[in-house]
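Think of it as A, B, C, D and E in the order they're written, each chain with its own count starting at 1.
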Amino acid sequence: MQKTANEPSVMLTTVEKKPDRRAWTRLRKNKAAHASLWFLILIHVVVFIGPFVWTMSPEATNPANTLASWSVSHPFGTDDLGRDVFSRMLHGGRITLLVGAGAMVFTVLIGGIVGACAGFFGKWIEAILMRFTEAMMSIPNFFFALVALTVLGKTPWMVVLVIALCSWMEIARVVYGETLKWKQQEFVEASIALGAKPLWTLVKHVIPQIIPSIIVASTLGIAWAILTESAISYLGLGIQPPTATWGNMLQDAQAYIWTAPILGVLPGIAITVVVLAYNFLGDGLRDALDPRHIQK
Amino acid sequence: MASFLLQRFWQSILLVFIVSILTFFLINLAPGGPSSMMRMDATEEERQAISAQLGLDKPVIVRYGEWLGNAVRGDLGDSLSSGQPVIQRIAERFPHTLQLTILTLIVSVVIGMILGIIAAMKRNRASDYMINFIAVIGLSVPSFWLAIMLILLFSVTLQWLPSSGVPPEGVSLWEQIKYLILPVIILSTSTLPTIVRFMRSSMLEVISQNYVRTARAKGVKESVVIYWHAMRNALIPVVSIVGVLVPRLLGGAVIVESVFGWPGMGRLIVEAANSRDYTLVMGVTIVVTLLVVLTNFIVDIVYSKIDPRVKNF
Amino acid sequence: ACGGNNSSQSDAPTDDASSEETSSSPSQGGEIAIPIVGDPIFNPWHPNAYAESNVVNRILFSGLTKPGKDTAPAPSLATEWSASEDGLTWTFKLRDDVKWHDGEAFTADDVVFTFNTLVLDESKGANGASNFRALDEVTKVDDATVEFHLNRPWASLPAYLGFNAEILPQHVLEGTDVWNNTAFNKETPIGTGPYKVETYTSGQSVVLTANDDYFLGRPNIDKVTYKILADVNTHIAQAMTQELDIFSLEDTSSLERLQNVAHLSVEPRNVTKYYWVAVNQNNPTFQDVKFRQAIMHAINRQAIIDNILKGYATIADAAITPNLETYYTNDVAKYDYNPEKAKALLEEIGYIMNSDGVFEKDGEPLSFQFDVAVQGDLVTIAQLIQQDLKAVGMDVELVTLDWNSMIQKDVVERNYDMMMNWWTYPDDPDVYAQYHSSNADTGNNIPNYKDEEMDRLLTLGQETSDPAKRAEVYKELQAYMAEQLPYQYLWYPQELVVINNKLENVPELNYGGTLHYINEWSIKQ
Amino acid sequence: MNPLLKVHELSVGFQSDQGVVKAIEDVSFEVHKGQTLCIVGESGSGKSVTSMSIMRLIDYENGVLLGGDIEFNGESLSTKSQDSMRKIRGNQMSMIFQEPMTALNPVFSVGKQIVESLRLQNKRLSKSESWAKAVELLQQVGISEPHIRVKQFPHELSGGMRQRVMIAIALASNPQLLIADEPTTALDVTIQSQILHLLAELKETTGMSMILITHDIGVAAEISDRIVVMYAGTIVEEGDVFDIFEQPKHPYTVGLFESVPVVDGERKPSLPSIPGTIPSLANLPEGCRFHPRCPYATEQCVRSSPPLVTLSEGRKVACFHHDIVDHQNSLTKTKKEVVQDE
Amino acid sequence: MSESTVLLEATNIKKYFPIKKGVLKKTVGHVRAVDDVSLTIRKGETFGLVGESGSGKSTLGRVLLQLQALTSGTVQFKGQPIHNANAQQLRAIRKHMQIIFQDPFASLDPRFTIRDIIAEPFQIHQMLKGQALDNKIDDLLQRVGLDPQRKHAYPHEFSGGQRQRVGIARAIALQPDFIVADEAVSALDVSVQAQVINLLKDLQQDLGLTYLFIAHGLNVVRHISDRVGVMYLGQLVEVGPTDALYETPAHPYTKALIDTNPNPNPYKRKKRILLKGEIPSPANPPSGCRFHTRCPIATDTCKTEAPSLKAFGQDRLVACHYPIQDH
């Protein structure tokens, strides 16, 4: 590190009186995360308010005007059925963002609870929960989803739930491993020595240490959920057409990969950018929660 | 330790048993039936005849009992769609899948860890953002799209690499590798980001610990500090992920296998599911379960090897 | 050259030399590759033999007849055939120069075995056995003659014998559990076709080599490889790299790109196939013909054909496709795209448009589910149809299902409101199976349409063997179909066959048909 | 003679969300070859920060060198790159960290951690040789059954054992300068004396210099040549060990010595300690940092901070009233008789 | 010993740690960290525990608080056996017994500010909230000599001694009946140390606290303790009232310890007497008296016969065949 003698050495007496440790203020100092946050807010606003402004139906087909390039009436052109891509992006965004975040929340909740409890409590709880996790990894997802969605109906919320039920095992494993590692630390023992209930120790001391991993898992989980939705729609199990999602727009574009690759580019970019923003936000959050990190 | 092994063994047996029950009832609950009965132009009589032939007219419980009886004797039955023994169908595919899985794991773990560490070291700087960006692209660009684009570039336009298939026998190692390059790249695009991201986060956690300072005080090279002292402590999440990736790669490389005409387990599973080949589904599920059990067991052992404080057994 | 056991690598030059000798005839040698999407099963009657098996079995085995280049049945293993006066007995004369791939002679016994033991045994559930419900028994007259005994007159028999009805070897299969005989079905099938299996690797390929003893002469091309490639985009990529030589293009989305590849041509071919939408006739809502007519008027078929199918289809009015020229008539009721008319028809039968723009009857909105399997371009088309129906005030909800679930729900349980699909059948106008009331509820009469007049015409068509009279019957049937709309007809598609220009002498038949003539194909020098 | 280490007006701060907070200010001292310098002082006064700054490890702890210079063997360290620092660390300079539990890598056996140091120092050492050497080092620092202990992990050792492992690691590299941050706090007196003995021996045989940070006045008295006293981030007094013990000049030093509990003295109901609260770096008083607790404080002390003045060769103090503070340390009152005793 | 004043009584407690080898983690031996120790701590007293590094003092402290399970033996706290208490009972008891860990840094959650660390015991036992809690925290910080204004800083931003004081503040927060102080003041300079010790003593006087004071600083132990126990290789070798034990150590090891104590006077620099001989290991303790390998007065009896802890003089116990009588 360079000598920074010329830096105005802050008077010893004034600073650090009441350091503001709130994550929010620290987060605001991280440019990438801050920008990502605003971007995500913006995109949610656009996607949820946009359709009231751009009222063209996302489902209205027009065989006479398929694969049109951009124009005033169709800013992003039209798709293979002559539907307005802009409108589909807006409406699809609603579902995709909901599915992504919704499935991620469930995934993290289930996976986090199972993994943390298994790792922390050990003994038969561990045996049951971890074997259960392994069982869920082994049961063929296709049939699970097929039966669940046939019985429960293919509403977006059910799709979210089923995606979560098919993907929480990864997080459970990660959280389990981390819990095993952290629960051996002396400060955990210290908390036990204070007479804390196990749940207190787990929630207050062990889980916070795992939060960086959980953040990573959730930001990855969003991408995973969005893509899983499109994959299962290919099996007739996802959000039902003609309802647009970025995932199924991407999936539909598969057929046009040779002739109109642009069809996939828009939803692809949208997904990438959103996932990227979530990742930067996650990194920022992680830094904000890291007491050793200084936001410059 | 011995009691741990024994305990784990019985738990696993129970697990396989429960998975088999759940799966058996699940596949029978799922709409549809074996494809031979599910032809558009089949008549009810034909369906009934085939159903009787396949023994599907018996109650589910009875069929499960029969299946279980055979399975414990090591006989997973014959595939409903091809008549071949399920074991044979799996055995045909498994080596190919294993090849891809191992290579993909090596590639994504090695590169993933390196990139993750670089990202952590260059935290919030251009290279960190760049690596994050690449990882996210790898995650959100659909495999089929990337696969076709790579085929277009390397096989159609440049003609450097074969567009698909498994290496023919008796060709040189380099020729064999050529067949693997594209599938491994595509598979890695979805596994690598996970490892990169977890590695980065885990490294950041570790790098500020006092023992890293000690290593520096010893005069250890910065690269050794990072790749030896710090990394070892950061491995647990990555190992967990690898444990999850193994079964996923073994059974889930469907897109890559179809695009590259790779005769792997992924397609076998999808075909079995689509054609409601109950015996094959059961067989594959059992194999996958065993692999899951095995990898998780290994991962659990590895935890305490990585970090001696971990006492999970 | 691979036929001989002593053949080796050094054979190849000899092959080339021999092809030079006969320079006037099509060039000899070379190899081609054809994609299939899954592992085949080498038995055309196997309940699991689907499309990917059919294209392989077609060149491994031979039937008694095959589709002629003029769509009429042409001789194959049978050289000639005739029906008795009452139409209940058919006699087939067989070739006496046919050898199975293992050298055994093909005889009438094989035909008898195939039909009596496999096809007619109901408990076996052989693939397509239901087509032969009119057949009681096959008997051997002598080694080269068989008789087919029917329980009712059936003029289409020769056509159906050329439609995935290949003959299997008795001497190999007799006494075995045929469906589970994996040595035959999955390893070394014995056929009479122009090619025989050399190697089969699950998930990868089936390699076939020319049958030197093929009864129509050794095929020109030495080796045919069926590559098992599940992904359409891979087919296209490999066609570009000349790793694949011929296949049928499922949908038109990549058409332009393929047309721009110098070494490929994309050729439209006629097929005996039509797309339809069906509404469940067990549901009173859909029983009124005006309702079905309203659907026809509501769907803008021409727009879909022009834009989505790139013009490679013609509007369908009935079940007989135009390529069956003798039987086809255009002189039937037409339903133009006319949403107003559709609305008017609905109003006629008591529907009233409510404030949401949805029709109502007795306070019940006209809303129903439209099931569609995720298969080929069905979902795409269904979305267009759904929008058209919505536009005339029908509240249609699209439900996508995987193929198997769709069959279970819509075909087995008949638990649906509306669905869409297509029918393919042999080059013969006999559509009894899909329309006769006896096939409602359980058979192929998917809409469960029951109509005595229809039944009468269908039976009459089967009983009439005189071609001219038969044509009349079927023209009448078409008119009646177009009027009553048991199914709501969409279009007769054309098939797009992608062919590598190096291939010569490929008859201008559809993809499936032209494979029957693979022995004639050759490779440009 | 040139000093081995010369710290000149060193100021170090920590980055925080709000900016840079100074931790030590204008710290200067020298260590000569073969000499032992003891840094004593109040807890939190910046002893560890000073030592980590010398090693330039402070950079990794969000620390910033704000001014001053560190010279080692005539070379300035403060501007050196971390890469070139690496060649000095572990080779010419080693450090024993204060908290041995967290300073040892939990995932490597202690043997591995010692071996690493050995092999960094001597690249030609073979694997088995270095393991044998590691066992020997453990033996030297008084760990029983070292061949078992080398294979154990830090968490399996007692606090004192970990501390001795840290010492072994630091000694493995044969440094010219050893910085030992409270190396014997977790050791019982018998082992402590064994370790101090070992260090003294090394000093004699290899000419090693040492900076010893300790709270144990007994240890300081026993081993050091010179003593530096720190208070609230600055040096308040420096001098030869005998001078300091005999005639502490700074009121803080005096207070410190008064607080030492003595074994042979009478047990008092409560120990004497310096009255008042210790200022935190964030909240330092104006003027002399010690004035709120100082019995001698005057107006002047409130207004301005006293400079570190040199009284005689090697004797410095930062107090306006050092001449009044003429307090004889009770600990050394009886020095004459004792010396005669020996 | 009057029964009524016994706060904690441990009988024949043992704590063995397995030594494991290989991938399969086979147990190849045991470290006998605490090997058959019996001890009684009276209400309101300070029991000093000194002894060789690695002799099992920390382990003893932990097992007394049931932070580690015993291998065998019994522990009674306020007359109640606690070695077999269930989790719920233990939680209730832990409110009354606290520990100050030897390694302050490792025992502080790196993601907690020190305010949160000190607030935790109050939150766990739902004792104080809001402003009252904050006042209490400030007060505690002040008492251990930390600036309350820094309470929002994290442990890594403190010096070793400061962290140690955070640990002390946390332990005394609940005003427990019994505190195990494991090297609680070792990282403090003497002045602060004096302050903290005075604090601990004041608390003891006001609230009747009992301490198990584990330390190496013999001076400090002498100052604070009423009675002192000396451990060697997993066993208690001598117990007695502080002054008596310091003035007339009976066990040769105790004597060696006291003789080796460094003197804070540079003029009194002397060659400290180093104990000779091989240092034995708790994994493989010597036969007979465990100190015999290093004992200047060991005889053949010592090599074979293990001495038990026997009464010696008034209120004193010693485990030696040849206890040193008055010098």
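Following the convention adopted for this analysis, contacts are C-beta pairs under 8 Å (C-beta built on N, C-alpha and C of every residue); 3 or more make two chains touch, one makes a residue touch a chain.
Everything quoted here is computed from the prediction, not taken from an experiment.
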Top of the farthest list for subunit D, CA-centroid basis, is C
Most contacts overall join chains D-E
Report, in whole Å, the distance between the mean C-alpha point of subunit C and the mean C-alpha point of subunit E. 89
Approximately how many whole Å separate the CA-defined centres of subunit B and subunit C? 38
For subunit A and subunit B, what's the span in angstrom between their mean Cα positions? 22
Any idea how many Å lie between the Cα centroids of subunit B and subunit D? 55
Of all residues in subunit B, the ones touching two or more other chains: 30-31, 144, 148, 208, 210, 307, 309
Going by residue number, subunit D touches two or more other chains at 61, 82, 99, 101-102, 155-156, 282-283
Multi-partner residues in subunit E (2 or more other chains touched) are 103, 105-106, 149-150, 156
Using the touch rule from the top, collect the residues of subunit B that touch subunit A in their complex. 7, 11-12, 14-15, 18-19, 22-23, 26-27, 29-31, 123-124, 129, 132-133, 135-137, 139-142, 144-145, 148, 193-194, 197-198, 200-202, 204-205, 208, 236-237, 239-241, 243-244, 247, 269-270, 273, 281, 284-285, 288-289, 292-293, 296, 299, 303, 307, 309-312
Touching subunit B in the complex: which residues of subunit C? 38-39, 41, 46-48, 50, 122-125, 127-130, 179-182, 185-186, 201-204, 227-231, 233-234, 237-238, 240-241, 243, 401-405, 407-409, 411-412, 421, 433, 439, 442-444
Spell out the residues on subunit A that touch subunit B in their complex, using ranges where they run on. 30, 32, 119, 122, 126-127, 130-131, 134-135, 137-140, 142-144, 146-147, 150, 169-170, 173-174, 176-178, 180-181, 184-185, 209, 212-213, 215-217, 219-220, 223-224, 226-227, 230, 250-251, 253-254, 257, 264, 268, 271-272, 275-276, 279-280, 283, 286-287, 290, 292-293
As the complex stands, subunit E meets subunit D at residues 17, 19, 31, 50-56, 58-59, 102-106, 142, 145-147, 149-150, 156-162, 164-165, 182-183, 186-195, 197-198, 201, 216-220, 222-223, 242-243, 246, 256-258, 260-270, 272, 274-275, 278-284
Quick one: in the complex, what on subunit D touches subunit E? 14, 40-49, 61, 98-102, 142-145, 148, 152, 156-161, 163-164, 181-182, 185-194, 196-197, 215-222, 224, 241-242, 245, 255-257, 259-263, 267-274, 277-280, 282-283, 331-332, 335, 338-339, 342
